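What follows is a set of structures for review.
One chain, chain A, links the two complexes that follow: it is found with chain B in the first and with chain C in the second.
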Partner chain A sequence: MSTSVSVYVLRRVLSMLLMLLLLSLIVFLLFNVLPGDPARLTCGKACTPEIIEANRHRLGLDMPVIAQYWEFLKGLFVGRTYAANSPDPVQCSAPCLGYSFKRHAEVSQLIKDGLPCTMWLALGSFIIWMVVGIGLGVYTALRRGRWQDKSVLGVALIGYSLPSFFIGILAMFFIVIKWHLLPYPRYVPPTEDLSKFLQTMILPWIVLAILYAAFYIRLTRSQMLETLNEDYIRTARSKGLPDRTVIRKHALRAGLTPIVTSAGLDLAGLLGGAVFIEAIFSLPGIGSLALGSVTDSDLPVIVGVTLVAAVFVIVANLVVDVLYAVIDPRVRPS
Partner chain B sequence: MTQGNDLTSSGRFLEVDDLHVSFSTEDGIVQAVDGITFGVERGKTLAIVGESGSGKSVTSLAIMGLFDKRRTTVSGRVMFEGDDLLKLDADDVRKLRGSRMAMIYQDPLSSLHPFYTIAKQLVEAVRVHQKVSKAEARDQCIAMLHKVGIPSPEKRIDSYPHELSGGMRQRVMIAMALINSPDLLIADEPTTALDVTVQAQILDLLRSLQQEFNTAIIMITHDLGVVADVADDVAVMYGGRVVEYGDVNSIFRRPEMPYTLGLLASVPRMDRVRTSRLDPIPGAPPSALKLPKGCVFAPRCSYKSQVPGDVCATDRPELLPAPSGQLVRCHLPGPTRVEISRVKLGELAGDSTAGGAA
Partner chain C sequence: MSLTATDAPIGDDVDLTEKTVEVAGRSLWQITWGRLRRDRTAMLCVWIMGFFIVLAIFAPLINHLVGVDPYTPDSSAISDNAGQPYGPWAGASRQHPLGVEWGTGRDIFAQLVNGLRISLLIAFAATVAAVAIGTVVGIISGYLGGRTDAFIGRIIDVMLSFPSILLLLALIPVLDDRFSQIGLEGNAARVLAIILVLAVFGWPYLARIVRGQVLSLREREFVESAVAMGSSTTRILFKEILPNLWAPLLVYATNLLPGYIAAEAGLSFFGIGILPPETTFGSMLGNSLSYFLLEPSYLFIPGTVLAILVVAINLLGDSVRDALDPRAGRN
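On to the complex of A and B.
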């Protein structure tokens, strides 16, 4: 069985790589037909058309798009050198996702710098929303139709309908600016100053978690209501198991599959950057990087961020599929 | 064999007395069980027979305490060795479930948790009631699986339910139900979902385990073949009420309630003449939302014209002892019922001397 599982995983990894290749081509083509001249970004204020044209040629931007794509792919594996014949060539080491002439940095380095912040943001709110969402989901399912159920669902609906940037701005305005309950957010890594880190992150965590928790309450509730009606729950009760065991080990476990699916994909989506939340709370993560590069038409960064975000989602899909087999023995290949 | 006057006497191992169960639904109050009384002795089997919706399964779930307390109203008494289960604390009833009383269900695949191995589900059933180590519990389970006829149980115990056949799954369910040697086993249509050959094996198994453990069995079924095979006593249910109750021979040989007759008439039989047609009961069972005021069976009863006046539609008949020994809920006079029964059974047997007279 373990060999068939590894064959399955291997096949999935291969198709994943193919998908990424296709995706990178689409992203590359898409952003190349968009308005905005990448060559224009390579020279500063004192720019003449002659310099732009010279830069365009030196950077290979005058090559056909497909040839540029080939260079890009090659760069991923062996690195690349921009303007190799000029007095000051720019070196981009493998895996080279491109080079931002706007920011004078390798795209991979920019992403590496932004990733920890985004990762902490995503993980923290993920833990909050999963605990709250599953906890309240089970609670409301067990009190279906009673006032506890109705009030939690009502609040969840509000949380679900308000855009996160709206809640974020309100939270920022009242809690930070008006009431001074928390200092103005300034991101520091947790290894540097843990309490400052927590003070900065707690609001974005909660604001982000509100939206997702609302969804997971409803998802968990409906899953629980469904599984609680199953015959095997009746069997578990007729064995004389205490209610708590019946609910946790039998009902929740059985309803977990769609929750795990959504959780994996939502977490992966957030790892690609939470644009609004990062912007509101001035967090230097992937989302801020993406937002900045779109404003600046910084093409290499846009392509890089999009690809990295896509990798997260595709990998999460694979992980979720493998988790299915862990959760449900019936989908294990035999 | 139980005699007619014993049917109402108390002091048996399990006594259900005037049990009522109703649910509140969006459409109104559903009176699923409307005052039923029966009992069962250790080592004996009571079959509860009826169409779907007659309240059979609800009765068993009420005995087990497996109903939603917020939506369900239960009244009457369920005396289990002198304790009224309906008055016991929910947690005390829980402790009886699985240890003193157990239940098996119709569909063994959906009744087993799909994500856990047989071992896990059985060991859990042992350890919730016995203070034993996992290894000891596992040994008990393997022994029990062996007893219910599962080949190489030490290997099979690590299978998942979907890896077993239907018959094997039901054996696992039986093993799970009997693992703590309960005194009462409720089997809710245990063979309905199984192949005929497997059905017979499962019934044989239940019978031999009953002898070994001296278990009282309540067999809920609509299959009269199963009833004839395993029951000592039979309670026929219709519209949430027991309409006829007696030992298995009286019920099969001298049924008196027109509904019981109708049930027997609608069973295909190999020993019957081919030309004689099946005789289904016309109409459909009443909705538990709106039960008829008088006799629940009256709207479908072909003999109600033989009762003087409008009594069948207005008055609810009592469950009373009949001359032939069983309890019958019917307005027809005793001798008339006996005659109807004799004629009808004669017709069914294809016996022209009995049938010709009518």
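On to the complex of A and C.
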């Protein structure tokens, strides 16, 4: 790796750190200053004024805003202690994303518990949608204007338009409940019972993949159509290269850049939780955690999940950009 | 006539000179509309959308004319013990054209029309707001450049990294709490909160597109001449540059709209959107879950309408994009 790449990477990392700081400030302001009374949002429906006051003090919501933000930032790096001078202080170790007095657990622990399930969901559907999306994208581009192209694009448009939760309910309705093709979903880690894991995950994988594959078919197709018109494709063909090589090595390769960008960001976005799909298939991931904490009004968990999900996207952005700089010299700025 | 000069069959008795004059006089609007008019799918989608919009605007009147309303339970239409609608298709009859809801006997048609009104209100308002914010921020960022541009660029980067669905969920209780302090409660607060969050997290991407367009537009001669004539910056931004941006704005808006309809449905489906007694597509689908094995009508009717609406808008969006593309029609 040359020095110019290293300098570029260093600059990008620095700017990412700045963005993370800005992000933490925005998340903090959104959830601690925007609500009329953040303390009231920590304990949901069964709330009494006493609990609200207790939580206000325990979470430090009675301090000045600047001091609260400082505590929040400090907690991320060195951990913090809630209600330090009370008889039962609560220790929250670094990186402390907050503490849920409702669930009596550290938010980072709750997220850690949900992450494997969300990760399996994201990875599985990612593989399906990339294979199907790029495959059908190339196929439609090569059969452009014919009936195969039109019918794939038509189905893709419907897949792209329908809300994922609706496809999810339909899948549950027909495949699980009506035709009993699959057992009712109950998540187990793949290390515990692989076949049960696959039976649970296959539907959510497919439903989620339908949504994304539709987008990737369209993206790949338009990229392919653009590159297939280039002169170097004609050159490659006239050299007598077989069609397979021309398409794989020349056309698809050149059009891959935006596909890789989208793929990186979409995967990262999903790691922050696929809220609707996780809820419908009762998967205990980060999305379900977020939905649950919104319905029971558990503010610290909401803040933590939002922050973590956004960090995934920012880091993915960096990774994608750096990969580019390594692969494609044109991207490297001087 | 929407024939262009290139479409005219050469050699027939077509007066080419006259045609050329007509073509030269057509604005981008006219060319686009002409192309859309010839696109059968697009016209079908325009009709479908128009139909739904009319239905939404006149929802109370239509329900009144049909003789139904979305709130009143009709115990005569359902059985006493299980609350099952009498007759097939959720008890569809002359009195209840699409049948009634299981358990309460509320009319499905009325709920559908009423829900359409709320969904479209939210989606349109959020789209208009997001496009307005994105345009203004993008124009300012692109035209002023320098530090303002760099600062706005950073903000956009951060905004784009937020998971929008998650924030939509997360911010609704927060905004509810804030609104209740100023005395705004119930569905008015909910609708406003949903519109606000959708709009606030919908503009950044558009601002980036607009910024790019403005960067190239501001180097053009007509902007230079406006500067030379001493026009104020505001005038240049909004009278010279803005009118050149409507193509990307329109395409972006037709992309946002169906997404927003689906987002609202998702929220209401999980009980975080519209509050009862109002119902939208999402809450109808959500309510149907407990008995859809016995009575699928209540699931499939709102589901199908939602699907038709969203697919139609997306298809129209595609056609608009094709019609606006100067390279279209050459292939």
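Assume the second predicted complex is superposed on the first by the 303 of 334 C-alpha atoms of A that agree within 3 Å, B and C clash if a C-alpha of one lies under 4 Å from a C-alpha of the other, contacts with A are read in each partner's own complex, and residues count from 1 in each chain.
The criterion applied here is as follows: a residue touches a chain if its C-beta (ideal position, glycine included) is under 8 Å from a C-beta of that chain, and two chains touch if they have at least 3 such contacts.
The shown structure was predicted, so the numbers you read here are calculated from the model rather than taken from an experiment.
Partners chain B and chain C fit side by side in the overlay (superposition on chain A).
More residues of chain A lie in touch with C than with the remaining chain of the pair chain B and chain C.
Within the superposed three-chain model, A:254 lies in touch with chain B and out of touch with chain C [touch as defined at top].
By the touch criterion defined above, A:31 lies against chain C but remains apart from chain B after alignment on the C-alpha atoms of chain A. Of the two partner chains placed around the shared chain by superposition, neither chain B nor chain C is touched by A:49.
Of the two partner chains placed around the shared chain by superposition, neither chain B nor chain C is touched by A:87.
Residue contacts after overlaying the shared chain place A:231 against chain B, while chain C stays out of touching range. Superposing the two structures on chain A brings chain B to within 7 Å of chain C, judged by their nearest Cα atoms.
Chain A residues in contact with chain B (one complex) as well as with chain C (other complex) do not exist.
On chain A, the positions that touch chain C within their shared complex are 18-19, 22-23, 26, 30-31, 34-37, 40-41, 157-158, 160-166, 169-170, 173, 177-178, 269, 272-273, 275-276, 279, 287, 290-291, 294-295, 297, 302-303, 305-306, 309-310, 313-314, 317.
Residue ranges on chain B touching chain A, taken from their complex, read 64, 66, 94-99, 102-103, 105, 107, 110-115, 117, 124-125, 128-129, 160, 162, 173, 176. Within the complex formed with chain A, the residues of chain C that make contact are 154-155, 157-158, 160-163, 165-167, 169-175, 177-178, 180-181, 258, 262, 265-266, 269-272, 285, 289, 292-293, 296, 299, 303, 306-307, 310-311, 314-315, 318. Those residues of chain A that touch chain B in the shared complex are 230-232, 234-242, 245, 250, 253-254, 327-330.
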